[in-house]
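See the structures that follow.
The following pair of complexes shares a single chain, subunit A, combined with subunit B in the former and subunit C in the latter.
Now for the complex of A and B:
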C-alpha cells in the first residue's frame, strides 16, 4: 500500500503528445479510475506507471520514492492487462507462482500464497488447469490473482474486463472492488466505460487529448462536470447552444434565467435528462413546447425523446408516467449548467412546478 | 424438423463430404503413386533374395550394409554433419530471429532481406560462390593476406565446407519459421512476465523458449530431412571420403553400377528420414489440436 504521485508527466511519440504534463496524486488505498475515450492517453499513462513506457518528461513517485528510472521488473507495481495474458504453457498454479519464484520465496510459502490468492478470486481448486481450460472471466481472475499475490504497492488495471460479456463484467467489477477494499490496496483502473468508472472509483480522472480534464469524486464528476468535454462524455446530457444577453439565456424555443454576473456572449447549456421535467400543459414559462417523439421503456424508468422544433431533447420519466407518443407537452429544465468563455460552469436550479413529471 | 428439411440437410452434408474427398484425392493419389508404392516396393526388394531362382525373405542386404565399414562410416558421417549443421543453424538463426521479432526500423528490415537472400540463390551457384570465397587463394584468403594473416587453411573439400554451405542454404527457411513462431508470443505475454519481475534472460528461458518449442521442432525436423538427404552441397564442397548418404547413393548407383546396394542405402536413409518426418507430423498435429481446444 502506498501513495502515487505523477509530476508533470509527459510522453511524446515523435511529434504526437500522448500524455501532456499530467499531475496526479493517488492516496494510499484509493481506487482511482482513469477514464477517457480511445486515444486520450490513459493507457500510455498507465504503461508509464508500470514502466513499459519511459516518460519524455516528468517524474513518477511511489510512496515518495522516484521510480521513473526503474524498469518494469523493478517497480513495486503489478498490472492486469486488457487481453488474456496468462502464459499458456503454465498451469494456473505456475502462472501465479512465477513472480513469487523469482523472489526466491520458500516453496511452502509460495504454495500458501497461491492458495490464498486463488481463494480471494474464488478459484480454489483450479491450480492444475491450463489457461486454455478456463473461460475468459476465469482467466482474468487468475490474472488478478497473479498480480495481487505479489502484494504490489500499486495495482494497475488496464481495461481488464473489456473483452468480457456485460453480465460477467458487472460481476467481476463488484468482485474487484470487494478485493481492493479488503486488501486496502492502492489501485489505478483505466477504462473507457463510464459506468465502470462511476461504480468502482473513489475518484475519477477524466482524460482528453493527453490531459486530465477533471479529477474528482464520481458524484462530483457527474453532477458538476468541470468542462464541456466532461459534460458530454459522462452520462447522457442535452447540450444546447445559447446566447447570453442582459441576464437572460436565449435558446432556440425558450429563454432561461442566467445566474448573476454571467457575461453576455455565446454559451452552451447542459441539462441532464433526469433534470428535465415534463409538464402536461404545453405552454409554460421557461419551458420548451414539445411533442413526445418516442418513448422507450428502460426497466425502472422511461426515456422520452422530445421534438422541440429546432432539435431533440432527451428526458427521463418515472415508469408510471402516463405519457403517450405524439402528446403536446412542456419540457421544463429544473437544473442546468452554463459553460461560457472557457471558464468553470455556472449552475442554475429552479423550483419545480407541482404538476411536473420527473424521475 | 420436417422430413423434407431433414432430407435436405442430409443431402447438403453428403455433398460437402464428397467435395472434401474430391479435394483431398489428387494430393493423396500423388503421394500413393510417387511415394508409398515405390517405397513399399523398394523396401520389399531389399528384403528379398533369390535362392535357387526362388524369391526368399532375407536381411542379408542390410547385414551387408552394416558390415561394410565404408557404408557405416558414411552413415555416421551423414549423422555428424547433419547434427552439427543443425546446431550451427540454431546458434546462428535463433539470435537473428529474436532480433527480427523484437526490432523495428530500417536496420531490422535490411537484416531481414539479407537473411532471406539465400532463398533466391540456387544451390549450385551458392557452391561455386563458396568455392571462390573459401578456396585456397579465394576472396577470404586474399583478404586475410592483405591484413598480414598467412597460412590460411581452406575448409573447401572438408566437412566444414559442407556445414557452411548447408547452414547458408538453411538460414532463410529457419529464420522465417522461427520468426513466425516468435511472433505468436505476444508482447503482452512478455510484458506480463516483466511486470512480475522477470529479467530478459528469465523471460527468454521461462516464457519465450517453451512457447516456441513447436516451431523449433518443425525447423529441426524439416532441416534434418533436407540436410540428411542433401546432394549438391556435399558433392561439390565436401571431401571424397567419407561421403554423405546422398553422394554415396549416387556413386553406388551411377559409378559403381550397384543398384541393389544403392536401393538399400536409399531405404536406410528413407527410414531415418521417415522417423524424423513422423516427429514433424506429430508436432503439427498436436499444434492443430491445441488450437482447436483453444
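Now for the complex of A and C:
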C-alpha cells in the first residue's frame, strides 16, 4: 500500500560490503523479487528495510518518508522469515493476535481479524494449536497470516518457502501471490530460485556481490540480460569466448556477423539453447558443424548436447525434431547477444535458412 | 532417574517385573539395593530420630514416637531466630543474584564482546578451586571493611557462590533462543523491553526457574561462607546445625533441623516436576 525507495543503500560488516550502493524503487502494490546467488546480500538488504540492520550509508523511504532511523518496531513493514519463527509458547491465535494486542484493538476486533487472516491462508480452525503441532508449511502460512494481519505497507519475505518440498513451495507461492493481489500490498520477495522469481514477480532485481545488476520485468531479464552475470545466472545459456575484428566475430568453429559499430577486441557471445536451430549437415555461413552427442527428453521439449570439436553446445528442440544421437548436423544460432567491454549487450537476430530441421 | 519421576505406576510395573528382572539382571538389582541402603539408610535414621521420643539401643525402631521434641526445638530461641532469617537471607541472595546475573547472562548470550569467553570461564574459577581458601582470603578483606559478623557480609559471600549457576544456566538458555524469534516480535511492533518480557523470558522460563530454585536451595544450605563471615552475630540454619551437632545436645534437635533443611529440596523437586509436566513445554517442545 505504499512505495519503497532505497537510495544509495550500503551495508558493510567490517571489511565485507554486503550491500553496495543499491538504488531501487518499488511501486505501490508491486511484487518485486530480489534474485541472486548465495551471499550476494539479499537478506541484508531486506533486513535493512525491516530495520534489523542499520545501513552504513544511504536512505530508506516508505511512501516518501525516510524510515532509516526508525526502530524495527516502528516501521510499517512486516516480515516472513526463512526460518520458522512462530513463538513456541503461544498458540496460533496468540501468535497472530500479538501485534494487534500491542495496538490495543478491542478484543472482538482482534478475534475477527485473526479469523480473517487464518481464512486467507486456509487455516481456519487452527487457532488453538501450538506451533509444534503444525507442519512446516502450516507454520509458514501462520507466519504469513501474522504478517498480513497488521496490514503492513510493505510485506517482506526472505525465502519463506525454501525449506519446504517442491510441490508445497509451488502451491504456497501461488497462494501468496493471490493474497498479495487481493490485498494490494507492496511485496518484496527474496529468493535464489529463478523459476520462483520469473513466475511471481512484476519486476526482478538481480543482485550480484551487493549490487543490483539488472532491474526489469521477468521477460526482459530473460530475453535481454543486461550483463554477462545475469545472462549466465538466469536460465540456461551458451557462453562463448570470441574475438571481434573488422566487422566479424570469430569463435572457435564459426564466424558470425558483428552488428555495426562493434569495436574490435575480446567479447563473449551468449546464445539461449532455444535460439539454436539444427540444419542438415553441410557447410553453412555462421553455423557450427557438430555431432549430436546426447539427447534427453525433458517433458514437453528435448535437450541435445552437440559436440563442436573443442566444446559442447546445449540446445533445446521441439519433440517433433527428427534427430538422433551420433548424427552429423549443423547448428545455426538464430539469435545471439554480444557482451564486450562491460557495456550493454548488442543483439543479432538472423533469418533461418529454408532447409532447417526444426520449424 | 530422579525421584520426581517415580510414580505409582512405576512402582507397580517394577513389582510385576521384579522377578524377571532379577533373573535377567541380578547384579544390577543388587547394586541398586546396596546403593539405596547407603543413600537412604542415613535418611531413614534421621527421619526416625526426628519423630522419636525415646530410642533405646537394641531396638531397630524408636521405642516411642512423638512430636514433643518438635515443640522443644521450635521453642528454642536460636532456632526461632535462625529459621526465618535463613529463609529471608536465601530469598534476598537469590533475588539479588537474579537482578545482577540475568542482564549479564543476556549480554553474554547476545553480545559478542572481547574477552567474553575469558569472563565466562572466570565464573567457573570461583568453583574450580577449594572454596575454603577463597573464603579465608575474602574474610581477611571483609575484616578490614568491618563486614565480618554482619548481614551484608554474609549476603556478599553467598552471592559469590551463586554466580556460576545464575550466569551459566541462563546464558545457555538465552543462547538457545533463536534471534529471529525476537526479531519477529520487534517486527510486529513490540518494544525491545516487551520482546524480552513477553517473548524471550517465557521461553527461557523453565531453565530460569531451575536456576532460581537451585540458587535458593544452595544458598539455604550454604554453611562455610556463612560460618566464616557471619559468626558470631549472624547465624543461619546450617551454621546453627553445626553447633547443635557439635555440642552433643540432643540427637532429636539435629534430626529435626536436618528434616527442616530438606524442605527446600523437596519443594525444588515438586516444582521441577510441575515445570516438566505442565503447559507448553509438553505441547510446545514435545518433552
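Here is the rule we go by: the second predicted complex is superposed on the first by the 354 of 359 C-alpha atoms of A that agree within 3 Å, B and C clash if a C-alpha of one lies under 4 Å from a C-alpha of the other, contacts with A are read in each partner's own complex, and residues count from 1 in each chain.
As a convention for this text, a residue touches a chain if its C-beta (ideal position, glycine included) is under 8 Å from a C-beta of that chain, and two chains touch if they have at least 3 such contacts.
Source: prediction; values computed, not measured.
Undergrad: Sharing subunit A, do subunit B and subunit C clash or fit in the superposition?
TA: clash
Undergrad: Contacts for A:71 in the overlay, against subunit B (first) and subunit C (second): which applies, first, second, both or neither?
TA: A:71: touches subunit B and subunit C.
Undergrad: Is A:99 touching anything from subunit B or subunit C once the two structures are fitted on A? First, second, both or neither.
TA: Touch status of A:99: both partners.
Undergrad: Scan A:304 for contacts with subunit B and subunit C and give back first, second, both or neither.
TA: neither
Undergrad: Output check: A:81 vs subunit B and subunit C. Expected answer is one of first, second, both, neither. What do you get?
TA: both
Undergrad: If you lay the two complexes on top of each other, which residues of subunit A touch subunit B in one and subunit C in the other?
TA: Touching subunit B and subunit C on subunit A: residues 50-52, 71-74, 77-79, 81, 83, 85, 87-89, 98-99, 102-103, 132, 143, 146-147, 150.
Undergrad: Given the complex with subunit B, which residues does subunit A contribute to the contact?
TA: Subunit A residues touching subunit B: 50-52, 71-74, 77-79, 81-83, 85, 87-89, 98-99, 102-103, 132, 143, 146-147, 150.
Undergrad: Once bound in the complex, which stretches of subunit B touch subunit A?
TA: Where subunit B meets subunit A, its residues are 186, 188-189, 191-199, 202, 206-207, 210-211, 290, 293-294.
Undergrad: In their shared complex, at which residues does subunit A touch subunit C?
TA: 50-52, 71-74, 77-79, 81, 83, 85, 87-89, 98-99, 102-103, 130-133, 143, 146-147, 150
Undergrad: Note which residues of subunit C are touching subunit A in the complex, please.
TA: Residue list for subunit C touching subunit A: 178, 180-181, 183-192, 194, 198-199, 202-203, 280, 283-286.
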